[in-house]
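Please find the structures below.
The two complexes that follow have subunit A in common; it is paired with subunit B in the first and with subunit C in the second.
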Partner chain A sequence: MHFDAANLLPILPEIAVLLTAAIVLVVDLYIDERHREVIHGLTLIGLVVAIALTGVVGGGATELVFAGNVVRDPLADLLKGAILVVSLLVFIYARPWLRDRGMLVGEFYMLGLFSILGMLVMVAANSFVTVYLGLELLALSLYALVAFDRDSSRGAEAAMKYFVLGALGSGMLLYGISMVYGATGSVEFGAVAEALATQGMENKVLVFGLVFMVIGIGFKFGAVPFHMWLPDVYEGAPTPVVLLLGSAPKIAAFGLAIRLLVDGLGSLQADWQGMLLILAVLSIGLGNVVAIAQRNIKRMLAYSTISHVGFIFLGLLAGTEQGYAAAMFYTITYAVMATGAFGILIILSRKGFDAERIEDLKGLNERDSWYAAMMALVMFSMAGVPPLVGFMGKLLVLEAVVRIGFVWLAVVAVIFSIIGAFYYLRVVRYIYFDKPEEDAPALASSGGVRVAMSLNGLALLALGVFPATLLALCQSVFGA
Partner chain B sequence: MGFEKFLFYVFAAITVLAAGMVVTRRNPVHAVLYLVLAFFSSAALWLLLEAEFLGLVLVLVYVGAVMVLFLFVLMMLDIDLATLRAGFIRYLPLGVVIAVVMAVQILLVVGPGNFGAEQFPTPAAAAADVSNIEEVGLLLYTDYVYPFELAAVILLVGIIAAIRLTLRRRPGTKYLDPTQQIQVRKGPDRVRLVSQVSTAGLREEQGARDVAQSQEDGSA
Partner chain C sequence: MLENYLPILIFILVGILVGVGSLGLGYLLGPRRPDQEKDSPYECGFEAFENARLKFDVRYYLVAILFILFDLEIAFLFPWAVVLDDLGVFAFWSMVIFLGILVVGFIYEWKKGALEWE
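== the complex of A and B ==
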């Protein structure tokens, strides 16, 4: 048996992230307490190198490597790039928070990098084994990160809930995978799809396995009725961890859904369409309505995530190239929005104080009008106000749904979006029309954070006005 | 074939019974011991499948190492059984209904119609000179080398996470430092002479104090 080194080319971004994590692991042991910030620099360099490598090895025809366990296609390239860029922003925002609380330690960066590695593996997987291992790598790193603040009992409780429900979700997914493996005799997506095409739809086992897989995907996305862990985890985990957990993993979860449902079980589309339909309607409805009742902004954003997941499912269930491209556009832009929202919460926090209530945003305009504008952009975008990118995403998804004849579904989604606009606009009201609390100090943030946040906020505007580039990329992935 | 089938049913029945005991035992230590039994009989099933190496590894690694460690941890923990069982009766009816419905559904699908012997004909027995270890090793290090490396990274994450969540430097911890221990010199470090007041002297002092006490009481 001869190993072809060309196998390594498509996974160069993954190798770069793994090497960075390994270097951080070793450097952290020998570095002096005062020079801890070096780890931060190393991590950012590693991520930039990984982004560059994604661009270098990306493009061109689809290749299968490692005996069909890994695939490099336009989908993997684009999702990897998006995950890495969003993660770069996450680490930039997280630094001041960690430094103020004495948590700027190597473990945060290592676990963060390993979770990114897990996401990269997931979106480039071509077999059930690889996709599952990537998912577990991501999930295990996140469980530990949620409990990262060891002295916080809320964090420990949130981690426990996340761990138990996450393990349940993984178990469901594995059970579904075992059924499909039993019926088709293969764990590789290409071979599974081929076996499905020849067997046709008679085999009940496949649909049975599919149900469990959809449940597993629902757990990982946090779609209703598998959303219970989401608000508690968002509320209990440290804000930088919520930032990491609420942004890039959604892109990875989208990759997981596409790989399993479209690449693997594409010919069962008629079956999973109905399942996703239920999840989507429940998520959009419950997410938007319950978010109104939240006073804690992290919980509010958790329910908002649930409603956005519903929209992503709407695009997926359309089952057309147009629908997949719309869902992908929505997922990537949502990740950018979520990064901005949690980034602002971190900027508002300071030593001994975490911005958690909606009231903490009161009068942000008077304290720092630039950040207030950025937060307003994020909120308007999440609400789907034109010309921001949130509007474009919703429009594309709804168009795809209407094209397949589900007009009523689009109407339901629009109605709940309008209900949801209430709580986003309430935040904007607090920012602009309320006085800041007396004892609120001026916001202290470094130049790097300000530049990153400006890029993040303005990207929402730019992508909304000129959506063509990203949209064309998403469409070219699915050949629409 | 007949004897093999008989063996299969014996081991399968033991596995299922043991698994049932794992989830119903009151005492967690008993539950773990039943889990060991379940692993053991599954290993026997794997032997029947001609997966001898995997069967032996299951016994060596899981029964020999993982479960023993698990037992240790369980005996160290102070588990309050009463609180663990508090919600048991309350949730029992609902749990039983869901379990029965799911079991029936699973049986309908995973029945002989879909997974019966006619769907999966018996594969030809492997030749006598086929080495299990070689086959597993070849697959692991060629076709599945990528997942194999990923599993290694997952273990690394487990180590880092465990250390981060539990390692604390406590200032008051008492521990022995072997490098200091072996540097002990014979004379001054091992024996220390302490000047001690003799017990006879102590007793006299005590007696004098008692007398003074009683005189004080009398005068009052």
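== the complex of A and C ==
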């Protein structure tokens, strides 16, 4: 069989992440306990190299490699870049937490890197098989990471739940894939789309396949009614793992949805639009309302995630280039917001104490006014207050929905985000208008974390005021 | 458009019927005459002589998992070795990369003491 080494060029970022994971694992075995933090540095270097490689091999026309199983197009480039940048922040925030609890070990970094590798494979997939391969690599690493604190029974419970429901979701997706394969005779997106264009929706098997696939995507996103695992996993998992789990995988899940629904089943748009509509309305409604009742901030953010997923689906279901670009903008900026929110929770934690209740944020302004400002930016942005980027994202998505004539849908979304604003603003109230608890010590955090958090928080402001660059990138991906 | 989904509704109904129906039929039609012997737990016909919740050595599990990993590796290697002549250099290097990744895992488990029984 002839093989062209040029095939390897588009997957250089993936190769860099894989090599980093292998190096971290081996170095961790032979390194002295005192120099453990070297693996942290190695991981960061590996990620920066991967970002650079994404930039170097990115751009230009779409390339299909590995017999059409892997694609390098503007969508893959942009999503890979976003995933890697968010992951870089995740590892920077996670380090103090891990160090304080003696968990700064190679396994955390190795599993984290493998999950990132899975995300990269997912967004660069051009066939059902590759998509599934990436999805499983991501999911299996995350199952193990959720149970990373081995002595925590809550963590084990969360991991078990996540594993069982995640496996169910993967099974649904696989079932759907097998049916679409049966109906079209191919697993490659291009060929599937071609077959669908000629035969249409006449084949009943296709309907089944599509339904199962949408359910699988719903599970992976955590959209209502497939959201049950999300709050429990967020609550039970160690905070750095929630940080990893709640940010970059959303970008990868967006890639998954676009690859499957638009690249593969684009001609069935009229059919999946209705399904996504139901998922979106339920997610926005239930997520925002139930979040109000939460006292645990990790659970609250889990329900907030669910409502944001609803907004991402709104952009997707519009089915226009503008809608996809808006959903992409929303997903990427949401990942940045989620990183900031969980990053602050890690900063608030210390040895023997995890910030979990909303009350733990009380008087943050008096303890550290800069971090308080950053958390306020994140919360305002999630609530959709202008001029922050959360507002911009919501505006773009709603505009796309209104353009296709679903004005009522936009109204519903706006009403529920106003309800949702309540619980975000409650957090801000705790930060600024309440006294800190008596025994709360000063926040100890290293310079690196402070710089990263400042960049993270200010990025929300900057992207909100100057959204044009990122938006233009997102639009160019879909040729709008 | 909605009638397209009729088969799925039927599918769900049949699924529920098969699941609930068989249990329900047993419940309605089966005779129920419980007595002490029938309700007491037993092991393969004997009376229970141990608690079912006993601690299970995780090492067996570890060995089983490692066995599956390297067993599968052999399952890949055999067909590859048979047709290597036809596949050429590409297949050779693909396998070398695969084995290289596997060796990293092997170093890890060896160093972590997963291969030592005691």
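FYI, the second predicted complex is superposed on the first by the 480 of 480 C-alpha atoms of A that agree within 3 Å, B and C clash if a C-alpha of one lies under 4 Å from a C-alpha of the other, contacts with A are read in each partner's own complex, and residues count from 1 in each chain.
Definition applied: a contact is a pair of C-beta atoms (placed from the backbone, for glycine too) under 8 Å apart; a residue touches a chain by one contact, two chains touch by 3 or more.
This one's a predicted model, so the numbers in the text were calculated from it and none came from an experiment.
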item	value
Side-by-side fit of subunit B and subunit C on subunit A, or clash	clash
Subunit B versus subunit C as contact partner of A:Phe66, first or second or both or neither	first
Which superposed partner A:Ala270 touches (first subunit B, second subunit C, both, neither)	second
Contacts of A:Leu243 with subunit B and subunit C, given as first, second, both or neither	neither
First, second, both or neither for A:Phe208, with subunit B first and subunit C second	both
Touching partner for A:Val26 - first (subunit B), second (subunit C), both, neither	second
Partner chain in contact with A:Phe114 - subunit B first, subunit C second, else both or neither	first
Residue contacts on subunit A - larger count, subunit B or subunit C	B
Residues of subunit A that lie at the interface with subunit B and also at the interface with subunit C	1, 3, 18, 25, 204, 208
Of all residues in subunit A, those that touch subunit C in their complex	1-3, 18, 22, 25-26, 29-30, 201, 204, 207-208, 211, 270-271, 274
For the subunit C and subunit A complex, residues of the former touching the latter	1, 4-5, 7-8, 11, 87-91, 101, 104, 107-108, 111-112
For the subunit A and subunit B complex, residues of the former touching the latter	1, 3, 11, 18, 25, 66-67, 69-70, 107, 110-111, 114, 117, 121, 127, 129-130, 133-134, 136-137, 140-141, 143-144, 147-148, 150, 179, 182-183, 203-205, 208
Of subunit B, residues touching subunit A in the complex	105-106, 109-110, 114-115, 138, 142-147, 150-151, 153-154, 156-158, 160-161, 163-165, 168
